[in-house]
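Order of writing sets the labels: A, B, C and D. Residues in every chain begin at 1.
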Amino acid sequence: MGKYFDKEKLELLKAQFDTAEYDAEQAEPAIYIGKEQLLGLMRVLRETPTYAFDRMSNLTAVDYKEYFEMVYSLYSRRFDMWITVKVKLDHDKPEVESMTQIWEGTNFEERETYDLMGINFIHHPDLRRILMPDNYDAHPLRKDFVPLEPKIEGGVLTWHKQKSMS
Amino acid sequence: MAQTEKYVLNMGPQHPSTHGVLQVQVELDGENIVGAKPIMGYLHRGIEKLMESRTYTQCVPYTDRLDYVSAMNNNLGFCMAVEKLASIEVPRRAEYIRVICAELNRIASHHVFIGSLTNDLGSATGMIYAFRDREKILDLFNIICGARMTAHYIRIGGVAADAQEEFLKGAQEFVNYVPAMLDEYDRIFTGNEIFQARMKGTSIITRETALKYSMSGPNIRASGVDYDIRKIDKYGAYGDFDFEIPLGEQGDNWDRYIVRLKEVQQSANIIQQALDNMPDGPVMAKVPKVLKPPKGDAYHRVENTRGELGFYIVSDGSTKPYRVHIRRPSFVNLQALDSMCQGMLLADAVTAFATIDPLMGEVDC
Amino acid sequence: MHSGILYSTAQALREILMSLVGIPIIVDIIMTVICATILLLIMATSALVFTLGERKICAFIQVRIGPNRVGPGGLLQSVADMIKLMDKEDIVPKGIDKWLWVLSPILLLVPSALIYAFFPFDDGVILADVNVGLFLLIAITSQTVLPFLMGGYASNSKYSMIGGMRTVAQMLGYEVPMVFALMGIVMLTGSLKMSAIVEAQSNVWFIVLQPLAFLIYIVTALLESNRPPFNLVEGESEIIAGPFTEYTGMRWALFFLAEFSNLMCIGILTTTLFLGGWHGPDFLPGFCWFWIKTFICVLFYQWVGWTFPRLRIDTMLSFGWKVLLPIALINVLLTGVGIYIYNIM
Amino acid sequence: MWGKGLVAGLKVTWGHWFGKKETVYYPEERLPMTERFRGGHLVLDDKKCIACKLCAMGCPNAALDLTVSVDEDKKRHMDSYKHQIGRCMYCDLCIEACPVKALSWDKNYEGSSYFKEDMTYDAVVEAKNRRGSNE
């Protein structure tokens, strides 16, 4: 899987962004960043010629019950190099800058994350549900998800919250 | 005064040529396409959610159902991600058998591509020829694992059972048959002038667009980007084999077809090398019956038939994965559909659906 | 005078009727009715035969066995198909233009049935041997466009509409080169009469004298009958079934019948215009040669259809206007020069 | 020259027109299934079975519904072994989980039925019937 981002460079990034952190113990540490500085960090990673992370290989979110975590796996084709960027988001109001501003190809993946995990992407060009029905009012990949009940009302399929789980 | 008006044509999810249950809202001006908007989700089964309530071993059959025409590649991707998470070393022989199965499945999947492409171009005969040859591979899978499509053969730590002599002989026979097969395709499709007229110069994806949309697999290689994870990452046993990455020039439908045709040749080449140098030994590593990977996360990607298939797995130290995310290549590739269709005719849209080769089981997950 | 079994049978029948009825005009009417019935029967059976033929041929080409369950070797498959079609529910979609929608499949059958009147099946066996036979043929076959457009417009479906519009565009593309290709034959024969065209081929078939025209005719004939590789109108992978998307059961079967009737028509026309019609060695009667050639032509068209992919509409149109039409014009020129040189010598 | 490819294509189809056919007359002629084939009903060897329920635990999709009773000698008996074919993925995990190799497939690939209820069967009853017909 190529080589991982050097620790010296991580140190450099940490100096540049005050919210950046990483666990120096790990072999391949993910870099944690505050969500305000995410866009700036990504811009640096993408546009600095010595990094040149031109591929957003994977984009997803994990629900850790207290908080959400966005996970970005970036890959640089020129240097065959990896980096994982993670952002912690508030569980009550998960909001993060959209990566479509830097990598246009993350459009569908962010829509999917919005649909299934309920993360709101700011500045996304077309943030709609992609896999679930448009009138579905829950986010299935969250840990506290309870399936909605389908009902047909006046020829239209609607979704209702279940009364109780018992 | 005469007046023209754009209109929206709804292709799919029930349409003879949208693959699976893809719905595309095509905006048309006469027969010229102004825009194409893919709408998916009709086959959404929530596999990512399902996996959270299954043990690691039980998750593997679900990966079969992602990209069901190249199930072996999906098995491989998931198993390798779990092996990375749990630091399991796979025996050499198992790696070789995995490569043979994955490459056979790649050829089978390209057969489906050729078949559905020719069928969409209006020649049902082509479809039958491609499926006839695919049948040979499916029969081989039936020998080695007892299922034709949903293989569930590659397991965490190795493969389910050792490859029999019968399978290896059959694989050799198939590799010997490949040149004759490609020659027949050349005569009936590739050389055909109507076929060329339909494909050349249509639905171009430029190098820049392909990179912009993070495309992968044969689609990006047809646009001239040398990006094959088998070559870059050399995962599994792929480092041992010598093979080329076929590249296209301008990224039109024709290039996407030719690249896949050449890939069949290269896959046969890899299988031949694997068969010649097949090591002996066990096919299954020592994996505990109750697999509990340590706390942490891992992302692993493999070259699926359709591109970069990645599995991101978060483990909380229990027997079940805390979160599985699947980066599906055809889902990401579909973003390019709009720019492919713009300015083309309705008939080209059908060709574009076919050459971008989405598989709805994978797109909708 | 004419010879041949068919002609003498008809002559004998006429004499018997004459002695029974005695009034020539009534005998004429009875004879016409008999002939028309026979022709319609031929048309209906041809659809049955060709459905099975089509399915068997496509199966053989596609390394399959094909239908083999109904009757010995699957011979009765098309009968079963027909019963199934009659059995089906007749669905009338909402929002259609009722009259046009209902009329379209019926009107489509009229031209396909009408042109059988102008085919010389044997020496002297022709229902209407008019002076402008070929001209009428072309004129009538062009009328098939109208029902397609009607069906496409009336169905209230975008797919049908696109199919209907494609028919019109396609007709403009093929009709002109076809007429110019047939011009060569008319120049050689010096007549538009069908029997005269066949008569002119008693020594040399026109396929030898007019190879260019023959090639153009094959292409335009496939176009005219909407056979693959030119089945743009129904192009099933793009526009489902074109104008007949919304039709079910018997209404759809009428479209189907017309399609196979058209297939036989182009087989017959190829035979008549280029392959010497009923001419052939003496050991078989003329009408046998006629049918043998027709079947070979139909097999050929089916073989072509099951081999090639479909053309795109713009490729097809530019092919018609930019390739076929110039070749057809060159053919006319060459024929004229040839006739001139022949006359000098 | 334009048209050469068309003629080559016609030659290919002409060759297949009279060539060997790949399909078989199905009900009269059946393809043999391979040794490892997964499909059909589960064959339970109720003599070997120790009613440990490991197969049901291994099933990813809860297709197996077992009831086990314990008799006075503390011996476990399989009372019923309901296999819901509609839920089954034929992944083979149940057979691999069996510690005494009491399970196998009957390799029958004609599994269609007119009613949904026919998709569920009891492997214990089938095992008894099989024994009954053998004796």
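We take it that a contact is a pair of C-beta atoms (placed from the backbone, for glycine too) under 8 Å apart; a residue touches a chain by one contact, two chains touch by 3 or more.
Remember, it's a predicted structure, so these values are computed and weren't measured experimentally.
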| item | value |
| --- | --- |
| Both-way neighbours, i.e. chains that touch chain D and touch chain A | B |
| Which of C-D and B-D has more C-beta contact pairs | B-D |
| Greatest separation from chain B - chain, by CA centre | C |
| Centre-to-centre distance between chain D and chain B (centres being mean Cα positions), rounded to whole Å | 27 |
| Centroid distance [mean C-alpha coordinates] between chain D and chain C, Å | 52 |
| Euclidean distance of C-alpha centroids - chain A vs chain B, Å | 25 |
| Whole-Å separation of chain centres (CA-atom averages), chain B against chain C | 45 |
| Two or more partner chains touched - positions in chain C | 61-64, 306-308 |
| Chain B residues counted as touching two or more neighbouring chains | 125, 132, 188-189, 192, 194-195 |
| Per-residue overlap in chain D, given as positions that touch at least 2 other chains | 6, 9, 12-13, 22 |
| Interchain contacts, given as pairs of chains that touch | A-B, B-C, B-D, C-D |
| Chain B contact footprint on chain C (complex, rising order) | 58, 61-64, 158-159, 162, 228-229, 231, 235-240, 306-315 |
| Footprint of chain D on chain B - complex, ascending | 54, 57-62, 64, 125, 132, 135, 142-147, 150, 152, 160-161, 184, 187-189, 191-196 |
| Chain A residues within the chain B interface of the complex | 1-2, 54-58, 60, 62-63, 71, 73, 77, 80, 84, 103-109, 112, 116, 129-133, 140-141, 145 |
| Chain D residues within the chain B interface of the complex | 2-6, 8-9, 11-13, 22, 33-39, 58-60, 89-93, 96, 105 |
| Of all residues in chain D, those that touch chain C in their complex | 6, 9-10, 12-14, 16-23, 25 |
